[in-house]
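Once you scroll down, you'll see the structures, which are given as structure tokens.
The two complexes that follow have chain A in common; it is paired with chain B in the first and with chain C in the second.
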Partner chain A sequence: MHDASCRTPRTPAWLSWFIGRLGYGLLTAWVISLVVFIATQALPSDPARVILGPDAPLQSVLTLQQQLGLDRPIIEQYLRWLGRALSGDLGISLDSNAPVAAILFARFGNTLALVAGVIALVVPTALAFGVALALRRDRRLDRWSLSLLIFLKATPGFLLAIGLVLLFSMPHMDLLPAVSILDPERSLFRQLQFLVLPVVALSLSALPYLTRLVRAAMIEALESDYVIAARLRGIPERRIVWRHTLPNALVPAIQGVALTLRILLGGTLLAEVIFSYPGIGTLLNAAIQMRDLPMIQASVLVITLSVVLINLLADLLTVLLTPKLRTAWRVTLIQRNRRGIQPWWRRSPKAP
Partner chain B sequence: MSQEFSRRVFLGNSLAVGGGLLLGSSLLSGCDSGASAGVAGAVSTTPVRGGRLRVGIIDGDQAGNLDAHKPVGGGIIRGWALYSKFWEWNPDVSTRLALAEFAEPNADASAWTIRIKPGLEFHHGKSIGADDMLFSILRLTDPKLASPYTGLVGAIDRTALRKLDERTIEIRFKEGQSFFPLDETLISFGGIVPTDYDPVSNPVGAGPYRLKSFIPGQRSLYSRFENYYKPGQPYADELEILEFKDQVSRAAALRAGQIDVASGVQAEHSALLKADARLRLYVSPSTSFTGFNLNLAKEPFQDLRVRQAFRLLADRQELVDRGLNGFGRIANDLYSPQDPTYNHAIAQRPHDLEQARSLLRQAGQQDLRVELTTTPGAGVNAALVFAQQAKKAGVEIKVSQVDGSVFNGPQRESWLLSPGSTPARGFLASALHNDAPQAIYNRSNFHDERFTALYQQALAQPDLEQRKVLVHEAQRIQHERGGLLIWGFNDVLDAASIRVGGLVPEQTTFASWRFDDLWLNHA
Partner chain C sequence: MSDIRLSRRRQWLAEPQTRKGALITTLVILLALFGPWIAPHGTTDMVGQVYGSPQANAWLGYDFLGHDVLSRLLSGGVSVLWMSVAAASIALVVGGTLGLLAGLSRRRLDQWITWLADVSLAFPDLILVLLIVSMLGRAPWLIVLTVAIAFIPGVIRLARGCAVSVAGQEFVEAAQMMGYSRRRILFREILPNILTPLLVHLGNMLTWGIGMLSGLSFLGYGVAPPAADWGLMINENQAGLLVQPWAVLAPAVLVGVFAYGTNILAEGIGRSSSRIGDKQA
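After this line comes the complex of A and B, so read on.
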């Protein structure tokens, strides 16, 4: 596959395509930061008043507004924030007076751990389950499993989460901690018991989509011409499934995993509230309620950059896994492909 | 891990007490009888030293800070661990000396002399002197700090603060006025901090616990302060304050033994927590009031008859039963019933629909329509109940909800009808929150010449008997023509594991914040 004759002396087309996408990604992040800045200013009431609470005299509110620079024109406020953010200073939280970066990155790390746990659980399960169901298509196991998956999908996530708490952590059935209050003094790996319930709860919500995606892709691939040709040549079924079909079925799954990741980054909020897990979701939610502008800006920036990164990596993997795209000699050939790696503005809306 | 271990040991002991080899459901009942035996152990009033006391708090979405003088969100509760003041609250909402060994006003309360106990120390070893006392008061009242609580101590004259000797200062007030309730207003946010204090980089005070770590929105950890001014206190080695976003998950954490104390639980959870044999529910009959502000600056409440009609049509018992889930007592449109100056001679206003209707008819307001503006949350229930009651008297009340920041925004004194509440304080301090001439926010826009005169005289009257006469008359005025419809005093509910001692219900709102008194039977 990697013989030297395929390689041309100039850089491969996918690399310049990748650099172009990276640029677009960063542009997206910048536009979003601007939109969010304007949106937070459009929220009713001002941060100074929210922070100081109901008893604050007008004079204190005005003083704080001035100290926070909230009385300045919005463009000036934005440029000041952007300049500091570019130099690595995310500011001080209006709510707690503590540096935004320290709080944010600790919380983001927790969210990443949670997401990593979910992916580690969901991806192998969905792959194994999806392939198994595709091979037993329309049989009893397939039908029952599909119903179960649709049931899981239809059940609201918080219900699943509360159900898990009632099952595993109430008195007399005390297997797992009811709430995931992490001890910041210990490494996350030493308190994995706190991750179990949130990971399972989120996985149950994420599993149906991925499983059905893998199943559908496998069924499609199993019916394709090259599989029929392979069967006619008498290649063993096991080899057809694992060696020839699965790698092709993986490409849609990669986009599916990317979508799940994007949803999870913001969607862990649910598990965070129910399990009191200190992730980025509750942080952002609280920051919006408190009109904590530096915190909102920084959180949104981090989430946006992660989403951009996830998209990029998923697209890159797709390109590298698809021989036709990997060996394309012109960027436009990659851009015009049908593998669903167009930038978001060219994509047709797809329901998860 | 250690918590699970100790829980297991605890359950094991319970089983041993329960006596045994039982199966199935009888095993569970064995647990329960063991637990009640555990109660007997925990009830013993000898405090146990050591252990880590874990307290779960909820403060909405606000993470809050550590600032002694500008606490926001959970910062108020954390302040109880970090900082000490000249005074501290008694369980009956009066004050007693804490860091101070002497604190008295002069004859007309125009000057206060405060002397602290000798040999006091801050967390970082610096001894407390007059300079720190002055620094703390100057910082609290500094306009640049923009503390939300400056309004309460707005009377203090920053330029007239004087150091009398190394442990003594004198406080005077703007324009030479008198200000008797200094203790009640300075006590809450007047934490004494050293001159090198910084709320972020050096958050030290003289409170029972010193800070170890603070992660906003998550938790703060403290260790015992050995040189706390109360000898032998606090009891636990470590204190941990954990922040929750959700009442349900905190209740689950308490039941699962992941926290020891849940501070301020919802009435809705009381039955569940009460039913758990390993927990105890503490009901503090506080004198914090809940009621409505009738805006006297606007029609129709300019008419005294309409105000009286509103006060008569309120079925207070029903408001307490449904608005507070029964956790409260009815009120007589007056605040601070615990204050020794409270006028108990004023008869309780009855629920009288007939008289309410006739007063409205006299005022020409038979088909009155008014809007009640409230914030989403606990206050909505009471507002809806009140709207139903008003309907019976022919008054249509439209309850509209606005965001908290809008409610407290520039319009805050111009809502026609809005809920009002004030934590338990004495009469003079409560008035500063409500309808006093120098009130921070006078949502009812009550301005009465005679009341103002009486209030000012009371501010200058340290003598209890003479002040009583003044307050009695002031309260009669409030009861006759004031703008507050105070229908109830709400209970404050706390829940704790039976292993927690030193938690005693009181008339204040902060029984579970007295971290120097709480201890944990951690053995």
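After this line comes the complex of A and C, so read on.
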């Protein structure tokens, strides 16, 4: 690069920020493992009792406790569990007696395909729709679309999914399969028709938030000084929209996409159950009903860790795409009071 | 104080969206509260044939066991209603307090609370609730508590952000210089100014709570079966979707209308208090 040779080489400022952010992410991941462990094994409810049900004889409960290592001290249990999880051994499913990791990652792949489909559909739609609405602000189309979006946002996602199932299981509506029972023998890409309805259902509930975010960001950007300056210089409106304002409106959209992904990972559970789609949501649901403890732990862990990863990537992208943050010496997110007056709750207590 | 409140309410009601939302929400609440009294049959009386279609004395037909759908519909709203209201209120009070504390306290405490909120935000709401409910059982108060816990981080973030931005403004500094006590500044200067965004968030939480609670019942983790509940009714009658769609459609429509009402109520309040309400997406 020409630029790099001119300047004195130095480590970019965002790199040190990123290392800190990475440490923060790892710390979060560790706390999450702790929470999952506490919720499943350390709470007063006895896992062996939960697995076998309330009527099981005491003898078999004690045997199972020994098998699961539940009679050991709680710290030792946690360390063993964590050590195994780190080395990729997520345990043996109590329900099917197969390794959890193998089942889990096949199902997780299906969920990722679903989520990728939703993102591929929602992000371009929301961008186009948001920009179009921002340019027609307060006109009839804008107002009608906003009411429609509010309606979609308010309707619980699983009702939309049920509505779609209802619609497509009607007598003359057999264009698409209403439930998505995949053939495990064939690859997912050969049976994409099963993906269509779940993707549409999830997209409908994810669309309003992103569209409104893009619209609000575009409206704010269109009212800023540099747009007025560009207009005064006679730059065509089209170029102003696509080259000057959209890149600035995109930065909040990255965090919006991250949030959408977080909601989607939880929301797929209901959609997957409704469409009987073999993803991680149906797996978790079945595991909870079967009281399959290792499977529950592993699925919750995988879902939450992917959320941590998504947040990390979104933060990195935000910093890299914002010139002000990318080139700053020190990336700081703490905002100071404009006039530098320290408010009373920040002042250090004075010695009397 | 009271005339401020009154004028604020009048300002909210000037927005047509608020009026519409308030009307819908009130109607659904009245239906849920007084429904059990006007229901023609008990919720567990088997009065007709399984999946019987609508007739003159059973407007919505019969469900999978031959219960009257209309009676179950009228009695099934109370659980969703009180649970979502309780969960959202608990989350608002606890989260609001923690958020204010974080926004107005010294660095260390602020960082701790913000970090805790960030960590719990990594759990998708439904997953957290499912995890706890599946391990500890499905007592109603437990479900309410876990849904509230799932909502708290969002409230903390909002309250902290609002408190920090309000606390930096001139009138707070002026109050400080006039030597008012911290208590007075907190309750008379800062709290009234962050009340509106918190109320809007309360409306949004109600919407999510209705969706989440009926979703939980739909999955079979909510209200236990013999009782009537809208989410549970959707689950129970799913098998007869093509024979007797009303048993699924009616509760689904009511859940949807309730969620829609609370949501546009929140939208209306948000829009009327800040005329650029679109930022509150």
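In the analysis below, the second predicted complex is superposed on the first by the 300 of 352 C-alpha atoms of A that agree within 3 Å, B and C clash if a C-alpha of one lies under 4 Å from a C-alpha of the other, contacts with A are read in each partner's own complex, and residues count from 1 in each chain.
Here, contacts are C-beta pairs under 8 Å (C-beta built on N, C-alpha and C of every residue); 3 or more make two chains touch, one makes a residue touch a chain.
If you're wondering where the values come from, they're calculated on a predicted model, not measured in any experiment.
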Touching partner for A:L64 - first (chain B), second (chain C), both, neither: first
Chain B versus chain C as contact partner of A:A132, first or second or both or neither: neither
Which superposed partner A:N311 touches (first chain B, second chain C, both, neither): second
Partner chain(s) touched by A:L22 [first = chain B, second = chain C, both, neither]: neither
Touched partner set for A:R212, first chain B, second chain C, both or neither: second
Contacts of A:S169 with chain B and chain C, given as first, second, both or neither: both
Touching partner for A:I235 - first (chain B), second (chain C), both, neither: neither
Which of chain B and chain C A:L283 touches, first, second, both or neither: first
Which of chain B and chain C A:I103 touches, first, second, both or neither: first
Residues of chain A that lie at the interface with chain B and also at the interface with chain C: 45, 50, 162, 165, 169, 273, 285, 289
Contacting residues of chain C [partner chain A, same complex]: 104-107, 118-119, 121-127, 130-132, 134-137, 164, 167-168, 172-173, 176, 182, 207, 210-212, 214-215, 218-221, 234, 238, 241-242, 245, 248-249, 252, 255-256, 259-260, 262-264, 267, 278-279, 281
Complex contact set, residues of chain B against chain A: 4, 7, 28, 31, 60-67, 72-73, 143-144, 146-152, 154, 199-200, 213-219, 221, 242, 244-246, 248-250, 252-253, 255-256, 258-259, 276, 278, 403-409, 412, 433, 440-441
For the chain A and chain B complex, residues of the former touching the latter: 44-46, 48-57, 59-61, 63-64, 67, 93, 95-98, 103, 106, 162, 165, 169-172, 174, 177-179, 181, 184-185, 272-276, 278, 282-283, 285-286, 289-291
Chain C partner contacts - residues on chain A that touch it in the complex: 28, 31-32, 35-36, 39-40, 43, 45, 50, 150-151, 153-159, 162-163, 165-166, 169, 208-209, 212-213, 215-216, 219, 262-263, 265-267, 269-270, 273, 284-285, 288-289, 296, 300, 303-304, 307-308, 311, 335, 337-338, 341, 343-346
